[in-house]
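The next part holds the structures, each set out as structure tokens.
Below are two complexes that have chain A in common, paired first with chain B and then with chain C.
Up next is the complex of A and B:
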């Protein structure tokens, strides 16, 4: 296994991020002429400029932010649970966040204050991470993690459906699809604004946990004997995952598989170090979601696919391959 | 002054005293061997000295100061721990594993400095792992992995090393190598506590032995005082014999003792 850190990784990812952002910005049902946008300028209020600034830009920014959150949270969870199959979607944390957001949104709390929607997602995500940790966190077993994840996912997604049915929402069915599959279509700069403070706080918690995750490679007592206050460090990561996943899910629904796939692709390129995995996973997560969102708009411009369908189409088979490979390694 | 001093330690789990009134002291220049049958409480005593297990009674002092008054980070600079299971969960490079020994000295965003590099280079040399640095630890043999982890311990620069059965699954060459590293660490003013099952390594490499049974301290002293056939018969239920061969005296287990329960 090639496992050496690659110096070109970060420059490459930053370049990929720029290109993916541009691609996503330029794709959509309305063909944009860049020359129009720049020559006439936004001050004249041309249609092209309006589309770009009011529709495309918030959507692309949100796609990038959500991807960064999911990639980073996935890398942190895999490190914390010492399990390559951990990811916010697979173990049910995303659906718990969606449940929290659905409850605040459809029972009228979200209108009371701007921060209540992401806060609902955050509380849901925090409960989800704590559940998965106490059900499967200690002994780092793959089987325990997956079983707990299946159970949490089932409970959370059925509660989402139940809450939406109870909300007397005429569009309950399509809303269920939105929350379970995720989308950044029709997002406004307001969505970006309410999610960003939570996301940044979460990034700080998670990016600051790198050294602890490195030490945790040698087990909980190993990390303790290397000078880490395990209770406090663990709480930091749980709060960080709750902030990032909660904020991301409450503005985009559950976009699956990003947090699982991205850290896997990056791991061999950073020498498998959990700490060095964090930042590249965040950038690569943003790239993946931006590309998926561009694909959504390019593949079916008229009737848009949901973002989560595309990430699952990539992530699902990847997950199957991962399970297959792990079985072989275990034998 | 002693490096670590635990007194009348008592650890109770589920109503059973796993460690019951044991005292031991690690002093500069000495390798202390911790021996006893399976389940005697050796690992628990070691973990209590590291502060990984809460004491139900008794006290532990690190460099003369109550252990509880030290922060986790300060403790990690004074004592380094090699647990029984040294397997890494991720396929890390050996060089990076050894560098992680400096974690207790680095604050959150601080990069390793020349002092850290020096400590790492010295540890690599002592543990003779120059050839393994570019290897991935999950692909190493047991003996190689143990040496890499020992290098990580040495890189911390901690005066006290505590190792739980470090040579249990190694071939004799590596067993000698690991024990020689501990002896060298003690010679240069450090202190070592090591859990052992092999009585001959205990006799040859340890300055002092603590024999435990059922959570109690049976006897503590020089190897010749502790490794007496009557005591070993009572504790292990085996018959042993000292054999002289040229300049060596070896203790040989000859079989299970008949009347042992």
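Up next is the complex of A and C:
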């Protein structure tokens, strides 16, 4: 928090994003013959072109978008709750979004209109944010927040199993892993298309809240004295988190730890203001999920791991270190 | 080479007689039979008269999964729970080789006779399973009749299909594709197709990633999705735009999964349907 913003951060993150995107695009069960793709650009029906355009490109785009949503939502929630442990996964918002998506998807509502699946995720995520806000309180202690998160996560994940159990679909029960650990495997451009409008709207809400979050870091009175309407601004952020997390989870399941880890990595590089954390967290979130997606494809190409396995392998130890450091600082 | 699907009738008759003798000599024909698995349900409905059937599993009455759902009629249904089964006081419980082991052990400890019907990985296995079940039920004539009908439909005198065999893939929800050591794989081979799953070394079947599927460009896609109108991620995978484009450019068939999900005479119909696609 003591450090000054680094001028090179954004160019560096953009470069990392491009490289991670390329790496993810080139990962897969087969090496892609790029010469084949470009030379046959006009020739329809080339397998390499089909694989690149219809399978890998939508998948990588979705991985990047989902990561950006989670990183951004994590940074915004940590600013809103003024709590460094408030990531959407840890406090149960992602699981609530997954519950909303599960109900709309498995009970046939998602087929009625394109927007109903992300809308289900949105409603679930909104309920999750509001619950955590009221349970943990405005001046949430770390312990209060984590306990509320444990409870919300437990209830939401058991309701996901319950909903899947009631679904008549024979495959539903085995898909619980997807919803709890997340994956972008076999995504198509349709998944990208239904999520993008919600994601962009959420990004606008959250990226526009930077100044309010800066003001909020001086406390509610401080923000109020600077002329902010606290209730309205807070609602704005809650809607933004619900839009981004709801849309991301409804097309990729619950990819954990991104929203927790990414803002922590970025914070020392941007200085004390939470508002400055938002955009870099979004880009770094995209990088993290793209790298995780490349990793799941490289580690086990035949039977892919779920994304959440890799992000938790990185995020879990990071979380432990965070807890250790907080205890250490408290002493 | 196509493996011989000819059922050696003399051998089967002999097996039937020996099994009948062994079973018959030991027990009376069961009169209150309970089946707890979709495959044993169907065999029971085919082989035993209704008055000897106390209960079949709820799956047997679902026409999406059971080829003989219309035969269930008023027969009570069970969900393979021990208390339900005990309530019928069965003198024979038919379970599948892979049925819940704890349930089977508990039923046996309670003194019930539980017979495990083996699974089938080939057309010969199907004939053996039918003969074995007919013997358990002491219905040798019904068993022989089914086998003869199946034999006629398989038409063993028919000339072996010419090489090269067209490459086919069975693609089920989740991208699962059965290999040679499975009943659908055996049906595919008997119908004269090469199986992509075998070519990839998946003898028992495995998930074929979408990219791998597209690269091998099979001549025939056989989509095995029994409830295409349901919503699951497993089935969503079958509607991926890249797969749809590729399927549109080659031959495609939808097969009724009931034909080959269990060792019943329906497998002969599956072979006949796929032969027509060659």
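Convention: the second predicted complex is superposed on the first by the 325 of 331 C-alpha atoms of A that agree within 3 Å, B and C clash if a C-alpha of one lies under 4 Å from a C-alpha of the other, contacts with A are read in each partner's own complex, and residues count from 1 in each chain.
Just so we're on the same page, a contact is a pair of C-beta atoms (placed from the backbone, for glycine too) under 8 Å apart; a residue touches a chain by one contact, two chains touch by 3 or more.
Everything quoted here is computed from the prediction, not taken from an experiment.
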Inset, instruction - Check the residue A:110 against both partner chains and state whether it touches chain B (first), chain C (second), both, or neither. - result: second
Inset, instruction - For A:51, select first, second, both or neither according to whether it touches chain B, chain C, the two together, or no partner. - result: second
Inset, instruction - Identify the partner contact of A:211: answer first if only chain B is touched, second if only chain C is, both if each is, neither if none is. - result: first
Inset, instruction - Look at A:302 in the shared chain and tell me whether it touches chain B only, chain C only, both, or neither; answer first, second, both or neither. - result: second
Inset, instruction - Indicate the residue numbers of chain A shared between its chain B interface and its chain C interface, in ascending order. - result: none
Legend entry - chain B to chain A touching residues, read off their complex: 47, 50, 52, 71-77, 79-81, 83, 85-86, 88-93, 96, 100, 103-104, 106, 108, 136, 139, 156
Inset, instruction - Please name which positions on chain A make contact with chain C in the complex. - result: 28-30, 45, 47, 50-51, 54-55, 105-108, 110-111, 168-172, 174-175, 178, 186, 188-190, 301-304
Inset, instruction - Quick one: which bits of chain C touch chain A in the complex? Just the residue numbers, please. - result: 173-175, 206-207, 209-212, 214-215, 217, 227, 230-237, 240-242, 245-246, 249
Legend entry - Contacting residues of chain A [partner chain B, same complex]: 1, 3-4, 82, 140, 208, 211, 214-219, 221-222, 224-229, 267, 271-274
